[in-house]
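Across the two complexes that follow, chain A remains constant while its partner is chain B and subsequently chain C.
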Partner chain A sequence: MPQLDIFLENLKISVGMFIPEFVLTATFILAILFDLIFKKSRNISGYVALLGFIVTGIFLYLQVGTNYRAFADLLVIDGFANFFKFLILITSILVVLMSLFSKELYTEHRKLGEYYSMIAGMTFGMFLLCGASNLVMIYLAIETMSISSYILAGYTKEVKRASEASLKYVIFGAISSGIMIFGISLIFGLTGHLNLFEINKFLATNDVNIFALGVSSLMIVAGFGYKISAVPFHFWTPDVYEGAPITITAYLSVASKAAGFAVLLRFLKVTFIDSIPGSDSIWTTLSGIDWNFVIAVLSVLTMTLGNLVAVWNTNLKRRLAYSSIAYAGYLLMGVAVLDDTGAASVLIYFFVYMLMNLGAFYIVMLIANKIGSEDIEDYNGLGYRAPVLGVCMTLFLISLTGLPPTAGFIGKLFVFSAVINAGYLWLAVIGVLNSVVSLYYYVKIFKNMYLKDVESQKPALEYSAPAIILLMVFAIPTLVFGIFYGPIVDWANNSVHIFLGH
Partner chain B sequence: MQDTIGFPILTWLTFLPILGMIFTLLVPSGKDEASKQVSNTIIRWIAVVVTFIQLVLAIIVMFTYNNTLSGVNELSSFQFVEKIPWIKATFPLVGQFSVEYFIGIDGLSAPMVLLTALVCFVAVFPSFNIEKAVKGYFAMYLLLDTGMMGVFVALDFFLFYVFWELMLLPMYFLIGIWGGPRKEYAAIKFFIYTLVGSVFMLLVMIGLYFSVGSFNMLDMMDLSKYLQGSIFEGTGTTIRYIAFMALFIGFAIKVPSVPFHTWLPDAHVEAPTPISVILAGVLLKMGTYGMMRIAFPMFPDAVGYFQSFIAIVGMVSIIYGAFCALGQHKVGAKDFKKLIAYSSVSHMGYVVLGMASMRPEGMAGAIFQMFNHGTITSMLFMIVGVIYDRSHKRGLDDFGGLANKMPVYTGIMSIAFFAAIGLPGLSGFISEAMVFLGAFKTYPVYTIFSGLGIILGAAYMLWTLQKIFFGKLPEKWAGPWDPTKKKYKHDDLNALELTALVPLALVIIYLGIVPSPMINLMSASVNQLIEIMKPFVLIGGQVAGM
Partner chain C sequence: MDIFSIVFYLFAVIIVVSAAIVVMSKNIMYSAFSLLFTFFGVAGIYVLLNADFIAVTQIMIYIGGILILIIFGVMLTSRITGVDIKSGTTGKVQIAFAGVISLVIAITLIFLFANTKWFTSELKPHQSTIEDIGKELLTNYLLAFEVASVLLLIAIIGAAFIARRKS
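After this line comes the complex of A and B, so read on.
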């Protein structure tokens, strides 16, 4: 039976390719076990998680350059997935490190074993999502990461806001999964396939009812839109971001968004783009749905609403939540052009966004540790009371605005380059105007830190050396990649080819 | 490429202030009041030394500069060129993405480099009065210095843009922290206005990159290097007109030309004296320099299309700015500083008019006017600063009869005032005369109307002179001893103020009598620039070259 032999051979290789995910699973279990065994130490599961992530990273590094359809096309291992897996893994490591300094997590009578193991679990779900090439696999991966993230969002359960956030997150999540699975069933009915490659082949050779196809694929995109918090699927974002512990807010704003963008790009490219062998850097849309326009409209709505609402919010977590919505909009600009340039610009921008957004949230956390507030009015004079934090916060905010010589400018430069190269001038103009609006509310933060309460008589805020070193891990690359960004661009360029299976 | 002295002098000129900034940040701030004073003094003198070395370097550059080389769009005739690959990466579909660290100067930028070094040096002295957060102040000041110098030497558009944006943040803080009562409003207004202009510049820059395949400004000026089918290929296309307009507005915000000028009075009124000096002395020139370096030679066809519009913008700025300045005598806060700010709008209008003439004398006059306005207005702002420091007032009606009490001050002041009016024998006269000579040949009607600006200028300046320096000293001003400042309210200029004002006064007088060194510096480049523009634009009279 040669059929079975091929299957077994594929399975054998696939299991070998799955080692990073196995390590994550082991990390998930070991983090809980160690927490139960070493009851005295509250950090032990965090260290286990860190170690597990580093080992995962090593195995992930060994996979660089592989292109393989594993587990009978359920998962794909390719450069594109690899890039996002690295991104998610780095975010997880940084968030675990941030958590070690968090005051709100380390209150009395709270065990953190589950917290760190849930981060490992969520990472596992996002890893699956990065490579998923089957609609059911996509659905399962989204659920895996979502369930972990619901728990994490409400982890500080004695805080009323957190419980509310978690509940809201669950309800919105359930609805969006429902919509998505409905869309999946419709596509299955239309094409008879769940595998993205097969659906693509079917669309290339058969005529499908465009209305039904459009509705069903929009339903699926709505599910992704929920993960990346694109307008109009963003309603949960501000409340959850405000209610969740800051570390988790930071985590959701980067990692789960990254996974969402990975699957969105893969879904659009593999399903709807004509996959003629040898011409895979030119994207031709199948099936008559004008995806460029659909995504461009989503992008404009997302960034405009995110930026305009952010102006009115005085809670910093909430303001950064809206800013992360706006960022989903900028990133969608890169998706909207639907070509390799756009995809590469999304990768570049995401890497940069990870650094500066995590950095900004980290500073909000450090300051909340000392002053117990995230309100922008309480930031008056902080630039003088905590000079290093002030300078770094200014750097992150300038980078988020997209001014040189910071990494944020590079991200913006390449996204706009992709948009202009594809000829979407109107989209570029809306994009730059949005970044001017964003300047206003980012500046307001360091305005309060520096322009108010100058020569403050309040005591200086002291931070431990490790906390400052971790801050430098965010700040130095934000500056350095603004000046020497060649490596990121090259890495993105090498990772952009989504494996189509030939 | 002329590497005249075998030493990366422009890099030093540009990054020396950053080095100084690092030194200032390393100075430990003292725990008690006495050691704080010591560290503040060290920081101030670091700034003096750094900007002085920068000025010396700039003077060395001027003395070794070869006047016969034109630059503009010829790489071979740029001087002090440094060209090093900076970023090399691959980008899908686009292919090689490369940025160069490419700097050099020609006749367009050489006067600006000297001006930047000069103004940054003299503005350190009024900065000695800053008592609040001294370390932060000088760190920002030096960062701003680097940003401005970088703009004038960059020949790679990407590099230019980085420097252009680099000065936004220090300027925001300098106005916002050390400014007057409405500093927050003024600072954010400045920031947002400039950013609106520069984001459109960013889009045009990206478009140009895709059209040429590099960020090299000289390639962007060469229409034959534009790729087939690229966005800005060909001449006279709508997209090129739009792109030119985007650039022009971005630069006009900086100049500032009417109607994009409203940030300027606010910023000037709120900024501390030295920052007003830098703002008027150097920052505004970045706008007109950008037009000359980027907007004009890269889009000559669009300049031809919009040429009379540009001239009208210049004319309107001259007249409107002058009327606003005159109005300060009658309405509103009657603020001396606001008057000077509006006079800047008016005087920068001459620059725009001169450039629009496309005549050699008009264009050279425009650059010369940029330099002269830089020195004259710097002096005027310092003059306002002197009486503001003594009285914490700067209303036009708050003073009188200062000529008797402060004779040295009045003497120095009158040099700046008469130079601003355009009195022969002082530098302002030469440049304004050149602008009018050139502009009259191309646009006689606009030029005649612009002449109104000179009359109005004489009116508001002489009126100010009369109100503040002649007549009778009001009672409230005559008080003998000011305990807060520990000096007589009508003390004459002290050594610091003289150190700042005298060099500028000497430059103004010298260039008024012997303008040829400055004009020779730029003439080859001006002719070259007009050579590029010639096929597309209206040039009045016979062009003989200079």
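After this line comes the complex of A and C, so read on.
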């Protein structure tokens, strides 16, 4: 059977390229096992997870530069997937480190074995999503990631709002994956293929009913939109972000969004873009759907709603949740351009967003550890009670607004210039107006920290040295990459080519 | 009307009517039992489509497993059986809004299904699909098959975590 021989040969290579994911699966299982064996230590599975992530990182590094369609096209290994995998892995490591300092997780003798193990499981799902290029695989990867995140969102079971968050997340998640799989079945009915490359070939050579194709692919995009919390699929975001433990909120707002953007970009590029060799940097759409316009509209809705609603919220976690919705809008702006510059700007912005957003959530967590509140009024005078945190928070907020000399400015600069280069001036104008709105509600936070309750008699907040060192891990790069951004830009530009296999 | 259409419409009516009862019934036991007929009707449609393996799986897993679990869950949780499900809390505006959206979606889908030229495979219908499904799962879809097992493991651990009593 020659066919089987080819398959086995292919399988051998594929398995070799699957080592990072194997390590993650092992981490997932070992974290649980170590938790069972060493009952005394609550941190042990956290350390196992950290070790596992670092080993994964090493194997991932060895894969840089490979392009391969593995497992009969179910999974693609390329620079694009690699970039997002690194991003997700770094986020996972940072979130595990953050969790070690979290007070809300370490109360009431809570066992944390499942917590760290679920983070590893979720990372596994997101890794698959970055490379998935078959609709079945995309669906499975989204489910793997979702199910772990439902559990993580409700991990503090005794807190009512956490259970509520988890339940809402499950219900919205079930609906959106139902819509998505309906879309997948319609696409299968239209083209007879589930493999994105084959669908692309079919669209290039056959006439397909545009209406049916549009509806079905919009349904699939709705599934991704739910993951990246784009309006109008964002309803779960504020409640889940507010209710979940802060570490998980931070994790969801960065890692699961990254995976969502990775799969959205890959789905659009591989399925709907003409794949003639050599036309790599200019993307020509195959079908009659005006994807630029669809994504641009999504982007405008997302950032406007996110920013406007954020103004009214006084809970900082909720405010950051809306601001992360707005961020999905800015990032979608880069996607809407549908060319390599736009995609590269998304990658650059995501890297920056990871640092500043995780940093901001980390500070919210540190402060909540001491004062037990995330309300913005309780931040009065905190700039004097905890000077280091105050300065770093100001830095992250300036960066989130997108002002120099922080990394956030660089990210925004690249996205806006990509949008303007592609001739979408109106989109860039809306983006800038939105940034002005965001400036208002970010400033309000550090106004409370520095200008209110100045003569406070409340005691200063003390933090341990490791907690401050971890804070520096977020703060210093946010500042450094604002000035010295060459490496990220180069890395993003090298990673942007989605491997099409010719 | 040929025999195929008659059988199809029979099952379709069973599915739609019983699904409506699932949603609208105020007694949770009635809902659970009419879910049985929904699942059964879907299995019938699968048989009609020559998907023998999926039809058997549908009966074994959904009717044999999930539905029994739901009914046992309802019966063992004595507090649920007596409680009427409240559905009167939603306002009129929401109902109107939801109705309009559902109507638009329904019209879109009907239009879509009626006007589209669907892909038709050249393959002849098989006697049995099990052999092909087995081959595909262990070759072309090997990774999906394995990932599904990890997914289930995650779900089991998560479910155990949620169900665990506070220590």
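As a working rule, the second predicted complex is superposed on the first by the 501 of 502 C-alpha atoms of A that agree within 3 Å, B and C clash if a C-alpha of one lies under 4 Å from a C-alpha of the other, contacts with A are read in each partner's own complex, and residues count from 1 in each chain.
What we mean here is this: contacts are C-beta pairs under 8 Å (C-beta built on N, C-alpha and C of every residue); 3 or more make two chains touch, one makes a residue touch a chain.
Model, not experiment: these values are computed from the prediction.
Undergrad: Just to be sure I read the superposition right, which of the two partners does A:V496 touch: chain B = first, chain C = second, or both, or neither?
TA: A:V496 sits against chain B, while chain C stays out of touch.
Undergrad: On the A-aligned overlay, A:G121 touches which partner chain: chain B = first, chain C = second, or both, or neither?
TA: second
Undergrad: Quick check for you: in the superposed arrangement, does A:S148 touch first (chain B), second (chain C), both or neither?
TA: It touches chain C, and chain B stays clear.
Undergrad: Regarding the shared-chain residue A:K157, is it in contact with chain B (first), chain C (second), both, or neither?
TA: In the superposition, A:K157 touches chain C alone.
Undergrad: May I ask you to decide whether A:D274 touches chain B, chain C, both, or neither, giving the answer as first, second, both or neither?
TA: neither
Undergrad: Going by the contact rule set out at the top, does A:G192 touch chain B (first), chain C (second), both, or neither?
TA: After superposition on chain A, A:G192 lies in contact with chain C alone.
Undergrad: Considering only the touch criterion stated at the top, classify A:A212 as touching first (chain B), second (chain C), both, or neither.
TA: second
Undergrad: Determine, under the contact definition given at the top, whether A:L75 touches first (chain B), second (chain C), both, or neither.
TA: Once the two structures are laid over each other on A, A:L75 reaches chain C alone.
Undergrad: Which of the residues in chain C end up touching chain A in this complex?
TA: Residues of chain C touching chain A: 108, 111-112, 115-119, 121, 139-144, 147-148, 150-151, 153-155, 157-158, 161-162, 166-167.
Undergrad: How about chain B: which of its residues touch chain A in the complex?
TA: 87-94, 97, 132-133, 161-162, 165-166, 168-169, 172-173, 176-177, 183-184, 187-188, 191-192, 195-196, 199-200, 202-203, 206-207, 209-210, 231
Undergrad: So in the complex, the part of chain A that touches chain C is made up of which residues?
TA: On the chain A side, the touching residues are 4, 7, 11, 14, 18, 25, 28-29, 32, 70-72, 74-75, 108-109, 111, 114, 117-118, 121, 124-125, 128, 134, 136-137, 140-141, 143-144, 147-148, 150-151, 154, 157-158, 186, 189-192, 209, 211-212, 215.
Undergrad: Show me the residue ranges of chain A that touch chain B in the complex, using the header's touch definition.
TA: Residues of chain A touching chain B: 281, 339-341, 343-344, 384, 394, 398, 403-405, 409, 413-414, 416-417, 420-421, 423, 425, 428-429, 432-433, 435-436, 439-440, 443, 447, 450-451, 454-455, 484-487, 489-490, 493, 496.
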